[in-house]
Every structure is written in C-alpha cells, then in structure tokens.
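In what follows, a single structure is set out as structure tokens and then discussed.
Order of writing sets the labels: A, B, C and D. Residues in every chain begin at 1.
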Amino acid sequence: MQASEHRAAAAPATISVTCRLFARYAEALGRDELQLDLAAGATVADAVHELRRGAAGGVVPERPLAAVNREHAAPDTPLRDGDEVALLPPLAGG
Amino acid sequence: MQASEHRAAAAPATISVTCRLFARYAEALGRDELQLDLAAGATVADAVHELRRGAAGGVVPERPLAAVNREHAAPDTPLRDGDEVALLPPLAGG
Amino acid sequence: MSVEYLTREPIDAERLLREVGDDGRGGAVLFLGSVRRGEEDGPVVAIDYEAYEEMAAAEFERIVAQAREQWPEAGLAVRHRLGAVPLGEASIAVAAAAPHRTEAFAACSWIVDQAKHRLPVWKKERFEDGATRWRED
Amino acid sequence: MSVEYLTREPIDAERLLREVGDDGRGGAVLFLGSVRRGEEDGPVVAIDYEAYEEMAAAEFERIVAQAREQWPEAGLAVRHRLGAVPLGEASIAVAAAAPHRTEAFAACSWIVDQAKHRLPVWKKERFEDGATRWRED
C-alpha cells in the first residue's frame, strides 16, 4: 500500500499517449497518428472517448478493437504516459 | 425365390478364382498369384482356408485383409467363378 | 517489417515447407490462403493488404510461441503478404510439420485461425475500374 | 499404374496445388507424408513402397469420389509414390482447396486418413547395410 500511494503521489496529473490509426480509420480521418493528453488513470475507453469528441466521432465506434504497445487490449486497460494506443478497424487478415 | 433357384440350378459345382498375394505374403510364399478351385458358393474365408492348407498356413493368418475384384471384402463375401481374390498384409501406405 | 513473418513479395510455399522439414517429422501440412473471387464481389483484380506492421510481426511471434507450447515437436513457419496481392496468389501461408500427421494438421489449422482473429491486417479490394473498397469480413 | 494417383517419380507438390487451385477457392491445404527416421528404426535410408496397383488406383478414385460428395465445391488431388523413396522425401501427398478454409482442412485430413486405412500399399525398410524389413504399422 505504501508503495502504491507513493506512486500515486508521484504520478503526473496528465499523461500523453500516441494514438495510431489504421486502414479505414486512418483514411477517413486523413491522418494515422496523433497525440492525446489524458487525465492520469485514463483507460483505452477514455482515449477513445477523447478522440471521438473530434472528427473521429463519425468514424471510430465507441468500442473499437484496440491495442496498447502492440498487444490487443480491452477498453478498461489503464494507460501510462508514453503508451502507444492503436485503434483497429475489424481485422481482415489472412 | 424362383429366380434364385434357377440361378442355383445353373451354377457350376465348382468355381475357379485367381488368388493374388502381395508384399510379405508374396515374398514368404515365393509367388504372387495362383488359381484356386472352390466349391460353388464359397466365400473369401473358404478361399483363405483352402490356401492355408498348403505352405501359406504359416504365413497368411486365418482372417487376413482381403479384396475381391479390387475392392475390400469381408470374409463372408461370396465368390463367383473368375473372381480375383487378393490377400493383403496389414496396410502400410502413406 | 520482420523478414520472418511479413513480406511484400510472392510467398514461396516450397521454402516454408523446407523450413519446417526435418527427417524426424513425417507429416507436413501447408495452408495457403488466397485472394478469392467471391460471387458477391464483382470484378476484383487484387487486394491491397495493409498491416500495423510492428504489432503484426509481434502478434505472429506470440501465436507461433503459443503453438510451440502446444506442439513442442512441431516445425512451424508463417508468412503474411502485404501490399497488392493479385487474384489467385497467396496472402497467408502457414506450414507445420510434426512426427505425426494429427499434430501437423492441428497446429497448422490452429495457427491459421489465430492469425485470422488476431493479426492487425486489413484489406482493400481493388476493382477493374480502379475503384477501391475496404473489405471487413 | 494410373498416372493420376500413383507415381514412381518424386511428388511435385506445387503441381498438386496448381491442380486444385481456382480463384473461387480461397483456402488450399496440402499434406505431405514423408519417410521418417523414427527413433526406434536404426539407420533407415529409404523405404520401398509396393502396391496392389490396380486396386490402389481404384481405391484412391473411390476415396476422392466420396470426398467430392462431402465437399462438392472442393478441388482435390492425390498422389502416392511407389518404389524406393529416400529419407525425407514424400510418399503421399493430398491437396484440397475450397472456398473456405475449414472445408479445405477437413477434406484434406479426411482423405489422408482414408488413404492410410484403405490403400493397398506396403513398405519395406531398407537399412544402411542393405538389409530390408517389411514394416507394418
């Protein structure tokens, strides 16, 4: 508990993550990467929510497939400063 | 019933079948083909029994895999004059 | 792009088979997934495959590692082609060889399923008239 | 010997894949069964395959016909090699292509199983010292 309180105290009030977009999302928004500033403790869902406040609202669904640091991640996955969050259209490989 | 009685009446008292041997059976017996004369109504099992009375007794088992006219056949398959009966060692293809 | 897993060149199926071959492995299974002319598609002439490449390579590596845990004796090789893939050419190839055929079939089929569900790859159909469309199965 | 099913030459896997390919068939599965160095075998250098050739060809034809009934959209090709097959080379090959991969896997694996159980084929192991032994699995 001490350690965790210590980390919480030392954590920045906001974090910055790199948001990457692919395929249809990237094409529709005209860009494939942007920076998002989020409150400390933000999750993937918070990043999506922030992104959808802009032009992405009509393109990216509320619960898109997502990855954090190149691994598939659920919406409640917590983000840390510097993370790479990717929003993935429905996969169609193979 | 009439038809079958008629056929039975016209059938020869004995039939002759070609017996083919393969792989280990052929090698052990030093031949890969012989003629067998059998009673009319004889089955695959009867052909095997006849064969095993000779040298094949130590080579071919009582119920080997068998084929009649190039299709797998059970021991009780009836034989007709001119049939090709093959005795097959355990299969090992592939 | 990992040379191992992703390629912009035609997939060399023979090479995958050689990679997994070993004279202790008697059964080899190769899967090739190709650009297919579906009845509903109209005149598709090619499909452009795009990937989140760093993640696709990492995900392929995780899939292969998980397959190795399940089938420790198997030899495994995988490829996904990116860029424009003409009709009839392979976009994905998976080879698995094992001492016995059931393991080879199981490993190959498992990897293909996982790849289809997990690889961050997308495809855009290209039609005869130059039009394109993202295809989401 | 049916040119279609039995061969005394090395099996050309690419050719089997071409035979089953079709741009409406998006999934192709190839199985290659090879002469394997088993741990219990000692120094086997080759296996001689012998067949009841007329029946083996007919049986292969029946197996393929039964597979076609189960997977009518599949393209199917089969080969069994006869004569001396060196260590590591394929003795049997089965290719199946279908619009969807599950059918291709199912058809290929079914045909391989049937071939192993039904083809009248036998094998004789040839050892380094020239000795031979019929191998019955």
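Descriptive notes on the structure:
Throughout what follows, a residue touches a chain if its C-beta (ideal position, glycine included) is under 8 Å from a C-beta of that chain, and two chains touch if they have at least 3 such contacts.
Note that this is a predicted model, so its numbers are computed, not measured.
Minimum number of contact steps separating chain A from chain D: 2. Fewest steps needed to get from chain A to chain C, stepping only to touching chains, is 1. A separation of 28 Å divides the Cα centre of chain B from that of chain D. As a whole-number value, the distance joining the C-alpha centres of chain A and chain B reads 75 Å.
Each chain gets a centre from the mean of its Cα atoms; for chain C and chain D, those two points are 24 Å apart. Averaged Cα coordinates give chain B a centre that lies 51 Å from the centre of chain C. Shown for chain D are the residues in touch with two or more other chains, namely 33, 112.
For chain B, residues touching at least two other chains: there are none. Under the contact rule defined at the top, the touching pairs of chains are A-C, B-D, C-D. On the side of chain C, the complex with chain A involves touching residues 33, 49-52, 54-56, 58-59, 80, 91-92, 112, 115-124, 134-137. Chain C makes touch with chain D in their complex at residues 13-14, 17, 21, 23-39, 87-88, 99, 101, 104-105, 108-109, 112. Against chain D, the residues of chain B that register as touching in their complex are 20, 22-24, 27, 67, 70-72, 86, 88-94.
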